[in-house]
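One structure, pasted below without further comment.
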Amino acid sequence: MEAHLQHLLNAVVLGGTYALLGIGLTLIFGIMRVVNFTHGELYTFGAYMAYMLAGMMGLNFFMSLAMAALLGMALGALIEFTLLRPLKGADIDTTMLVMIGAGIAMQAGEQLVWGGVAKSVPSPFPTEPVVLGSVSVGMNRLFVLGVALLLLGGFYLLINRTKLGVAMRATFQDPDTAALMGVNRGLMYTLTFALGSGLAATAGALLGPIFVVTPTMGDLVALKAFAIVILGGLGNIPGATIGGFVLALAEEFGAGYLSSGYRDAMGFILIIAVLIVRPQGLFAMKERIG
Amino acid sequence: MSLAFDESAAPILEVREVAVHFSGLIAIASMSFAVPEGEIVSLIGPNGAGKTTAFNVITGFLKPTGGKVLFRGTDLTRLSSNRIAGLGVVRTFQRTSIFAGCTVFDNVLTGMHRQGRAETWGALLRLASVRAETERMRAAVAEILAFVGLSHRADELAGNLAYGEQRLLGIAIALAADPKLLLLDEPAAGLNPSETEAFMGVVQRIRDRGVTILLVEHDMRMVMTISDRVVVLNHGRIIAEGPPEVIRANPDVIQAYLGQGVKHAKG
Amino acid sequence: MTTRLLPWLFVLVMAVGPLWLGDQYILYVLTSTGIFIIGAMSLNLLLGYTGQLSLGHIAFFGIGAYTSALLSLGFDLDLGGVEPFVLGPQPVWVAFLGGILVAALFGFLIGKLAFRVRGAYFVIVTISFAQVMRMVALNWVDLTEGPMALNNIPPLSVWLPWDGVLPLYRKEYNYLLVLAVAVVCFLVIQRLVQSRVGRALVALRENESLARSVGIDVTRYLVVATVIAAGMAGAAGGLYTHYIRIVDPDVFMFIYTVTMVIMVVTGGKGTLAGPIVGGLAFGILPEVLREVARPEVQWIIYGVAMIVVVFFLPQGIVPAVKNWFAGRRKRVAGTALGLRKETSA
Amino acid sequence: MLKVEGITVCYGQIPALRNVSLTVEEGELVTLIGANGAGKTTTLRAISGLLPLASGRITFEGREIGNAAPRTVLALGVAHCPEGRRVFPHLTVRENLEMGAYLRRDHQAVAQDMERLFDRFPRLKERLNQPAGTMSGGEQQMLAIARALMSRPKIVLFDEPSLGLAPNLVERTFEIVSDIRREGTTVLMVEQNAYAALDMCDRAYLLESGQVMEQGTGQAMLANDHIQRAYLGG
Amino acid sequence: QETIKIGVTQPLTGAVAASGNYVANGARVAEEVVNANGGVLGKKIQLIIEDNKSNPKEAVASAEKLIVRDKVPVLMGAWSSTFTLAVMPKLVEYGVPMVVETSSSTKITTSGNPWVFRIAPTSAMEAKSFAEKLDHFQPAIQKADFLAVNNDFGRGSADEFRKMLQAKGVKIGVTETMAPEATDLSAQLSSIKQSGGDTLFVTTGVEQITLILKQAAELRLPHRVITNGGSSSPDQLIAQAGAAADGGYFTLFFAPWFPEKAVHPTVAKTFVDGWNKKGYDFAGLTEGYRGYDGIMTIVEAIKKAGKAEPQAIRDALWTVKLDGVNGDIAFKKDGPEGKESGQNEANVYVVQVKDGKVTMP
């Protein structure tokens, strides 16, 4: 019983971070249809920024977090402006290739700047875990979960309930027509990419103090983020959220009760299984034909 | 013009009590009608009446909630859309549908798929029969392009055609598939009256080649001129059925569909 | 006529040139690049012609590599039955063919699955498939030795009437072998895509519902394409495993798929020569860069080079060159026409 | 009010419009007719800023708008109801309409306008939360028309507004066009339903192969032999 | 003036770049020390360091390049066992010896490759040395659990330690594995907590050890943690895991805090001084020594051979007797007869972190 509870708690906490990664990517991959291979690098970037600001410059942790998020957005905006904007109208594979190139260059850049040795971000939270009966969880993890839930809710409202969110979605469904409605296409592209990037960087900055920061930390994370987005259905924020938690549960219980060697495979097995049953993802609709 | 509906002609297509529901929304309540072989039958009705949905059911793109579709006695609702096309039931799409990244010529050539026999092994071994077949098909493509009047655009990328030309190409592709029963979904949309007139000739010639036609169209001049029979759908139910002149005068149809001042509408 | 002879001329140059140079290192680079070019060609069949991006393509390569390695080494498998299943070492060519077959079999399964999922979903299914394969290779230690790797894999061999069976340790032979396999794969793909089957694949890429509406059995052709592509990738994997002579779960690394994608897209997807041109460019580039800069900077240059290619040649290298030639021909024709007009006027 | 002066527009190297000029005066209804591929759509797209001009000028109320961003053109009061419906497929009907009023800040008036449009197209009200892409062709066309009117434009460019509409709705659509004219909105309309269009318009232009071949009042055009033969099927 | 070239292949980029760079740095220190002392055979040595990009295919490419292009007579590398195994057929093909500085897989020396000389200990040897120190642990180890990275290094080490502990009468609990790039290990640790052991043996790189220590604290894991494999750097752990590192034991092959306790204190001191002079990270010493000892071994062999030729160097490697940072370096025969590889008996040190300080119990 105790073990079940602990695994469940672990999964919930982990799921929050997965969901955060998922919604960042669902903006870019799900809504913009850019196969964003820099997502993992932006995550890494956020973690290094948190390290630089909080660890090296000794800034307040929460300040650093906010700044890392902003810097992530800025970097995202820069990538969109310099790399994606000139390719307007190119197909998904072409933009993907550019993003792969950017991802490779960014990872090498990170190693060049920071070296390969892991860095760790100081955390303002006590190392003593919060004990709830027979289970326990780190304070910093609860904080991450809290922030993640806030961001998830906020972005849900932004995308689904605001004029800006509607315009964002409209732009990527039909850029020309959106322009006819008075939408500033360029701004939407940049903004969406920047927001997605900001979320990735935030995730990195939040997780930096929990994990360690290395140039390759984004690789596996990026793959999982893609999986989460698909699990939830493209461009679907509640879907990505649930996808994140489902993946975490599968991993946690798979590793806990089946085999830890297959832990990282659990998510992928789950995805294959889900897509066999529901080819359009868990929470998306089928398209109309004719 | 051919005679009015002939009761004795055997139906090539029979739609029996087909119903389609989309999570709560009833697109087709219950629909039954038959299309006799060799005729032009029009399916008309207000927007959202369920015409395209009916096409989707007949051609296997949508599984109905209930009912059957019989093509020469075979139930189509169990078959995949490509199998249905394989039987000779070919449709066009209301939303323009072409192979945008290929040339106009290749679009039609691809449409001829059903008439080829070459399979993987034949292709890999480059059998003589395969090469001969390709030659034959290329000649046929040129003929079809001439038929719909797109010969001069053969080498253009299909995506670069104007809207009306893309619609014609859509029909050319369907023709290439050598239909027995051709389902046209608003083929004249985007054509002006003269073009429509010319197109009516095209449809009639297709019929004269022995192809049965089921037509969905809002251009009443075209419908009333070329149809042997008209089926009227409203709110997912058939409200009238009969030869054009009868339908034209049916008050229910006028009320639900034709409107009062028919003068503005084409024809 | 010249365009028909061009590929054969290219093959001739590739067959003779490097051997004549005799530089072992160049041979090594070309051989290992060639193996990946075969992988890229097979990926192109899916990505370029059916429009299905398989980002787990390396799985087929890895399956081919593992199967071929295991068959040539022999293995025993305890499946919980009474008797463990024991298979002695098989002749290398049997193993190699086995690798192709097993990879093709997995291709069949994935192709069937792709019937249900398309586009982005297909991408993720393939990524997931490759990841799962990697985990299996990693964790099924009894069979694959897991991370401890299968090593001492025998090289491929040829039978020569005057020498008997000759194991291919020498680079020259391996190089020629890879070249030969590449030529075969090229011919298969060429014939396929220029046929009715190829048009069906393109139709699937361009507009699936329209394709079905004219009677194209989309699933079937997708399966055919995936099986052939997977078999070729499996062959590349077999070549790899008998050439490098060790195989470990890292053979499923994502970066290898990425390498193939780079080769295909920079060269020009959906063109026959694309993967070859892109493959040579981006297979050799890292070796050139070795001399130029420190390791991290090499990667940065590599990444930037990809971006530059896309920016200047968004369709890829091969279509760009073709357009350039076509444009030149048109200009020449245009002036000729202009002249005639003048004289007639 | 709207002045197009000698514009040339190219797709790649190939010109689709050559030296096209036309004017629309305030309160007028002007139609553009022509065969498939004549360049009607291209003309409208150039006016609303979706296509760059190779040469020529476009002015709206005296301001140069050739090559301006679509957003700028719209902000000046030019709405464009594009060809082939082009609704946002994954947005609901309501969201599509909201997009039509994207630049407006007067929320209450927007809500009122939406209600007025629902009176004209009751089907849209029934389907407020349906994703537009799952609607029938005609329903989408209604939505596209309503959406264009949501911006309260000074001039609307309609590209084949009756496309795919049932006869009774075609009628209704032309009534709406007349209505909005009465309310002071200017209209430039491309229409294949040439009889009706020429009948109701003030003036018309005939495009052939990217050039203006004829122009005149609607009635004059209706009476024109060439037009009768080539476009009215008479 | 001509130089004697020595080829080094290490993972300088990619997943395991941190360690690879440390080893490469150690090699660079050795290069300076040797050249400052007049080089070897009257010539300076020159390292050519190639990146194997943390992947076996690139490991082969780098070896090809070093041997064929740069014509180096001897190699050092290639960090992980898979990279080393991948390179090994090349050694036979070209007849060039290689000194292996890190890899732990037994296969390397048992598969009959007479061009391989390993100074790093195998997991079995590490377990054997550890067995001698077993009595130092108070309270005694009763039941051990294992958490190992899922590669040859982790799995091999867990296997050998399990065997060794079992032989010593220690009960064995669960063995959990983790992907090398995994960051969240709560599932594994929760299962380990369930097992009820008192000691957890951890084998992986320093990043994951940090994560494990932190996450073990969060989950209130009661185990004493012992890491093995020598790839940890307690300083880095103290810096990054903070209090969570306290009480942990770490087996190392070089303990830079106590150069005086090394078998050859002066050698250790020379190395540490050279390292500091170059301004390298203190944390890297525990790994960097491998590169240093590796190059020193090669240089010694060249000296004994009297010429920088592959065959001669190989023969000379068998006769090397060297005072290394780790201890005495000499090769014993291992593997099938006639095709033996060289294997060195390495020393093992165990340190403990107490109150944020490294101590040697």
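A, B, C, D and E are the chain letters, set down in written order, and residue numbers restart from 1 in every chain.
Going forward, a residue touches a chain if its C-beta (ideal position, glycine included) is under 8 Å from a C-beta of that chain, and two chains touch if they have at least 3 such contacts.
On a predicted model such as this, the values are computed, not experimentally measured, just so you know.
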{"item": "If a chain touches chain C and chain E alike, it appears here", "value": "A"}
{"item": "Pair of chains joined by more contacts [C-beta pairs], A-B or A-E", "value": "A-E"}
{"item": "Most remote chain, CA-based centroid, reference being chain D", "value": "E"}
{"item": "Centroid-based (C-alpha) most distant chain relative to chain A", "value": "B"}
{"item": "Intercentroid distance (Cα basis), chain E paired with chain D, Å", "value": "74"}
{"item": "CA centroid of chain A to CA centroid of chain B, Å", "value": "46"}
{"item": "Centre-of-Cα separation between chain D and chain A, whole angstrom", "value": "42"}
{"item": "Centre distance in Å when chain A and chain C are each reduced to the mean of their C-alpha atoms", "value": "32"}
{"item": "Junction residues of chain C, two or more chains touched", "value": "138-139, 209, 295-296, 298-299"}
{"item": "Junction residues of chain D, two or more chains touched", "value": "134"}
{"item": "In chain A, residues with contacts to at least two other chains", "value": "108, 111, 219, 261, 264, 289-290"}
{"item": "Chains grouped in pairs wherever the two touch, ordered by label", "value": "A-B, A-C, A-D, A-E, B-C, B-D, C-E"}
{"item": "Chain E-touching residues of chain C, taken from the complex the two chains share", "value": "23-25, 28-29, 32, 138-139, 141, 146-149, 151-152, 169, 240, 244-246, 248, 250-251, 253, 255, 287, 290, 295-296, 298-299"}
{"item": "Residues of chain B that touch chain C when the two form their complex", "value": "59, 61, 80-83, 85-86, 90-93, 97-102, 106, 109-111, 113-114, 116, 118-120, 122-126, 130, 133-134, 173-174, 176-177"}
{"item": "List of chain B residues in touch with chain D within their complex", "value": "22, 25, 44-53, 94-96, 160-165, 168, 186, 189-197, 218, 220, 256-262, 264-266"}
{"item": "Chain A partner contacts - residues on chain B that touch it in the complex", "value": "52, 55-56, 61-62, 91, 93-95, 185"}
{"item": "Chain E to chain C touching residues, read off their complex", "value": "12-13, 50-51, 53, 55-57, 60-61, 64-65, 68-69, 81-82, 85-86, 88-89, 93, 105, 107, 111, 150-152, 154-156, 177"}
